[in-house]
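Next come two complexes built around chain A: one with chain B, the other with chain C.
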Partner chain A sequence: MTKLVQNEMLKLIAKKRLIVIGIIIGVLVILFTYAQYKETETQRKKLGTSDWRTILQQQIVDTTNRLSSSRISDEWKKQLQISLQQKQYYLDHDINPAEPGAPTFIRIFLENSIDLFIPLMVMVIASDLVSSEHSMGTVKLLLTRPVKRWKILLSKYITLCLAVSLIIAIAGILSYLISGTVFGYKGWGAPILTGFNITDEGLSTSDVRLLSLWEFLLMDLGLVWFVAIVVGTLSFMLSVLIRSTAAGMGVMLAALISGAILSNMVSSWESAKYFFMVNLRLTDYMKGSAPPIEGMNLSFSMMVLLVWWAAALIVSFVVFTKRDVY
Partner chain B sequence: MVRLVTIIAALFFLLWLAGLGWAVSEYYAGKQDQVPKASEQKIEKAENKKGLTVVALGDSLTRGTGDETGKGYVGVLVDELKEKTKQPVQLTNLGINGQRSDQLRNQVGQTEVQRQIHKADVIVVTIGGNDLFRGGQGIIEFKNEDLTGIQTKYLENIKAIFEQIRNHNQNANVFFIGLYNPFIELGEGKEMSKVVRQWNYQSAEVSAAFPKIVFVPTFDLFELKVNDYLYSDKFHPNTKGYRLIAERVASLITW
Partner chain C sequence: MKKNITLSVKDLKKKIGRKEIIKGLSFDLREGEVFGFLGPNGAGKTTTIRMLVGLIKPTSGTIHIGGYNIEAQFSEAMKNLGCIVENPELYPFLSGYNNLLHFARMLEGIGEERIHEVTKLAGLTERIHDKVKTYSLGMRQRLGIAQALLGNPKVLILDEPTNGLDPAGIREMREFIRFLAEKEGLSVLVSSHLLSEIQQLCDRVAIISKGRIITTDTVENLLSNRERVQWVMNPSEKGKQVLRELTKVEEREDGTVLTEFDEQGTPLWNKRLVEAGVSVLEMNRKMPVLEDLFLELTGGETID
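Up next, the complex of A and B:
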């Protein structure tokens, strides 16, 4: 088995995909770092201060004013109210919600890339893991070996999981190294709050706990990793089912993008919460922002993702072991 | 090489799995062992100060509702100050649309707002329009006892607000902007004006009881040709109207 995994890893490294992914992440992180830097700069200029309390207070007042507008929808109003109460809580407890520094950049980067960017990177590896064997014609060589088919597929799947872990690590390390040059490498111990509960009345702060940023980041990375594994498994299944890599990628891409769009408009379509793609933003539960559909929480989303994951895995193995290869 | 990458990947696999497990247990089991207590942050001494700090408190007039440029009198005032003083001016606009005097009283009770007040060199306040005109919805009831009730509460509130401001900042000049009568050309305009004048007089009396709190009248500015200076809602000033108020306040500010 280890031989098989090693063999798959060898193929993966020979394809240089991980390096490509590293370069993509690096370039994007540079862009985001610059964008973030520009944003704080203009904000500082506009308000004439870099004092975070003043900026936060100003944001609170601005949000309050937006709330008083009669033209905004109830949904949006609720989300604004939740973020308002959260900001006020941070301010009342004298905690900066965005302590400047590379760790905060990583947090924001992860929160924004969990539902599209990281899954895309995973797809680059996962979507042709099996189908490329078909298109290159090597699948016959592979299957004529005296090894059981499920073992071959399992070795590919393990390789996928390892590659996903590497991608998350690359994302974390690169964003730390690159953003640190601008924002500084400190801030691991900065306090951050978690445990905000969204209830019908708005935000409940009774369970709020204080964490260090490094603890929070490790949890965030774990959640991102989980999402990446699930998305990777789904692409893996498509790669088994569809022989054309491009078609498999297209299907997955469509699903991911529709998820990003759906999350913004499904609030009234309740059964949409069983789609895997509206459940990808797990880090939002840690941060405490309103879920796209009422009643969703971390365990619900994780259960939905687990069911999709298990189904994808079963389908992959059943199809791969049963199918005729010619 | 392959071996090394595999081992590193496996280690990260375990690390992220641990992170995931921690996240889930923290999300559920993590009963509050460390409750962050409400901070009694001491108000810091004024930090490295450059230029003027202006804090604006109040209602939609402070916000600038009705001004197409979005500045409001506060924005225009800050622009003028920048030009006159040749110094950077830092503005913190804490105005909230539709705010009444009781709400402002709550607002100045907040720690962070107090810290902002503490830092200020100039404080400008508009309040009372929503108490008296009920947000521009309708004209006040003329029944005297209702009006007296509203006015007494309002005067109490502004007194409390001024006390708070003076508690946290003894030096800043406070400019309290009076009310104008947006309904002056309507049917009962004359009677309305009388009420507004009385209201302003009482407000000026309260302001006068505090050091360095200046009541700034605006009634006269809008007395003639009120419609030239009102936004299409016939309640808030328009760009020109805000400019009038800003110029008046700017002429009073010394540094």
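Up next, the complex of A and C:
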């Protein structure tokens, strides 16, 4: 098995996919760092002060103003109220919600890339892992060697998991190193709040706990990894089912984008919560923002994703071991 | 004494949907022989080969390679098999050496030494560290065979091995295959829709059409059973009349006449002709080409 995984790694490295992904992440992190820097600067200018308390105060005033407007929907209103309560909590407890520094940047970066960017990168690798063997015709050699088919597929899956872990490590390390040059490398111990529960009455702060940022980041990373593995497994299945890499990628991309769109409009279509793509923003539960559909929470989303993951894995292995290869 | 059977196929069938594509094939391959699989495109050659190498599951029937059933003992059976199915498709972004290394890792106990050995055998030593995408088709074909030989197989299956090669390449490939069978004792199964190729390369041939084997025999037997005598006579018309009374006559456009060859009959017919006052200008024994044979056996089904 080690030798088979070695083979897959050899091919993956020869295709230079990981390097391309590294470059993409690098470029994006530079862009985001600059954007973040600009944002802080304009806010500073607008408020004429760099004191976060004033900024937070200002945000609370802004939000309250928006809430009093009659044109906003109930849905949006609820979300704003929750965010307002949260900000108030930060202010009351003298906690800076956006303690500047590289670790905070990583947190923001991960939270924003969990449902589209990281899955996209994972897809680049996963979607042609099997289908490319078909399009190159090498699958005929691979499957006529004295190695059982499930072992070949498993070696590919292990390689995928390794690559996913590597991508997330690259994302974490690059965003730390690059953003650190602008925001500084400190801030690991900054306190951060988690455990907000959205209940029918709104935000419940009964379970709120303070965590050090590094602890929070570890949890974030774990969630991102979990999402990436699920998305990777799904594209892996498509790669087994659809012989054309482009078609497989298209299907997966459509699913991911529809997830991003659906999250904004499915609040009344309750059964949509069983789609994997509306459940990808796991890190949002940590921050305590309202879920796209009522009744969703962290464990629910993880269960949904787990079911999709298992189904995709089963389908992949059954189809791959049984199918006639032409 | 008969040599060991290395590949044995019994009553192999394949249905796709409701259509039966392969309708019960049986044949054996022996050590050291080159076995030809001849048939028009769409006759079921490739489907059969894909079943032999385990890419397609047969609907019924059994395949044994080196004595192992390929369904029940897949790994053991595959250890005895090397193959190229259709084109020699290897990883273009890897070097020839890395390709071989890749497939050697899938075999037990095959190390660098064997990689060098097959590289030399295929004559690729100089270019082995170049990327495969820079190789010519002939070199890819040779690398494909090197790959197939890595595990010291007993059976080599080559699907259309000379497809796309130039005449020099075809000859080189033919010599290489003969060498493997005669000197290394491999059983080689070669499929082709080119009659001339099979005729020059193979010891035995199975002729397949529409999913059935029409006949299996040695190339020699197949041809000698259908030897012909070509007659050139004067006067031609009278000669034809005489022969028609004696045997089946086939008239050719150029005015000559073909009859079958019969060791007892032919001299007798000649005598009759002379007695009837017909002078026999030429009597040629003609070995038929597989082309004629095929047309005869399949009842004129076209081959391209």
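In this section, the second predicted complex is superposed on the first by the 326 of 326 C-alpha atoms of A that agree within 3 Å, B and C clash if a C-alpha of one lies under 4 Å from a C-alpha of the other, contacts with A are read in each partner's own complex, and residues count from 1 in each chain.
The criterion applied here is as follows: a contact is a pair of C-beta atoms (placed from the backbone, for glycine too) under 8 Å apart; a residue touches a chain by one contact, two chains touch by 3 or more.
Note that the structure is predicted; figures quoted are calculated from it, not measured.
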Overlay on chain A: chain C relative to chain B, clash or fit: fit
I'd like to know which partner A:Val325 touches here: chain B for first, chain C for second, both or neither. second
Which of chain B and chain C A:Trp225 touches, first, second, both or neither: first
Where does A:Met265 make contact in the superposed view: on chain B (first), on chain C (second), on both, or on neither? neither
Go through the superposed model and pick first if A:Met302 touches only chain B, second if only chain C, both, or neither. first
Touch check for A:Val27: first (chain B), second (chain C), both, or neither? neither
Touching partner for A:Met1 - first (chain B), second (chain C), both, neither: neither
With both complexes overlaid on chain A, does A:Ile168 touch chain B (first), chain C (second), both or neither? first
With the two structures laid over each other on chain A, which partner does A:Asn65 touch: chain B (first), chain C (second), both, or neither? first
Just checking: does A:Ile13 make contact with chain B only, chain C only, both, or neither of them? Give me first, second, both or neither. first
Computed vertex angle (chain A) for partners chain B and chain C, CA, steps of 10°: 160
Who contacts more of chain A, chain B or chain C? B
Quote the smallest CA-to-CA distance from chain B to chain C in the superposed model, rounded to whole Å. 13
Which parts of chain A are in contact with chain B and also with chain C? 6, 10
Can you list the chain A residues touching chain C in their complex? 3-4, 6-7, 10-11, 14-15, 136-138, 140-148, 322, 324-326
What residues of chain C sit close enough to touch chain A in their complex? 50, 53-57, 74-79, 81, 83, 85-87, 89-94, 98, 101-103, 105-108, 147, 151
Write out the stretch or stretches of chain A touching chain B in their complex. 5-6, 9-10, 13, 47-49, 51, 53-54, 56-58, 61, 64-65, 68-69, 91-95, 161-163, 165-166, 168-169, 191, 193-195, 207-211, 215, 218-223, 225-226, 285-286, 298-299, 302
Which positions of chain B touch chain A when the two form their complex? 1-3, 5-6, 8-10, 12-13, 15-24, 26-28, 30-39, 41, 47, 51, 63, 88-98, 110-113, 115-116
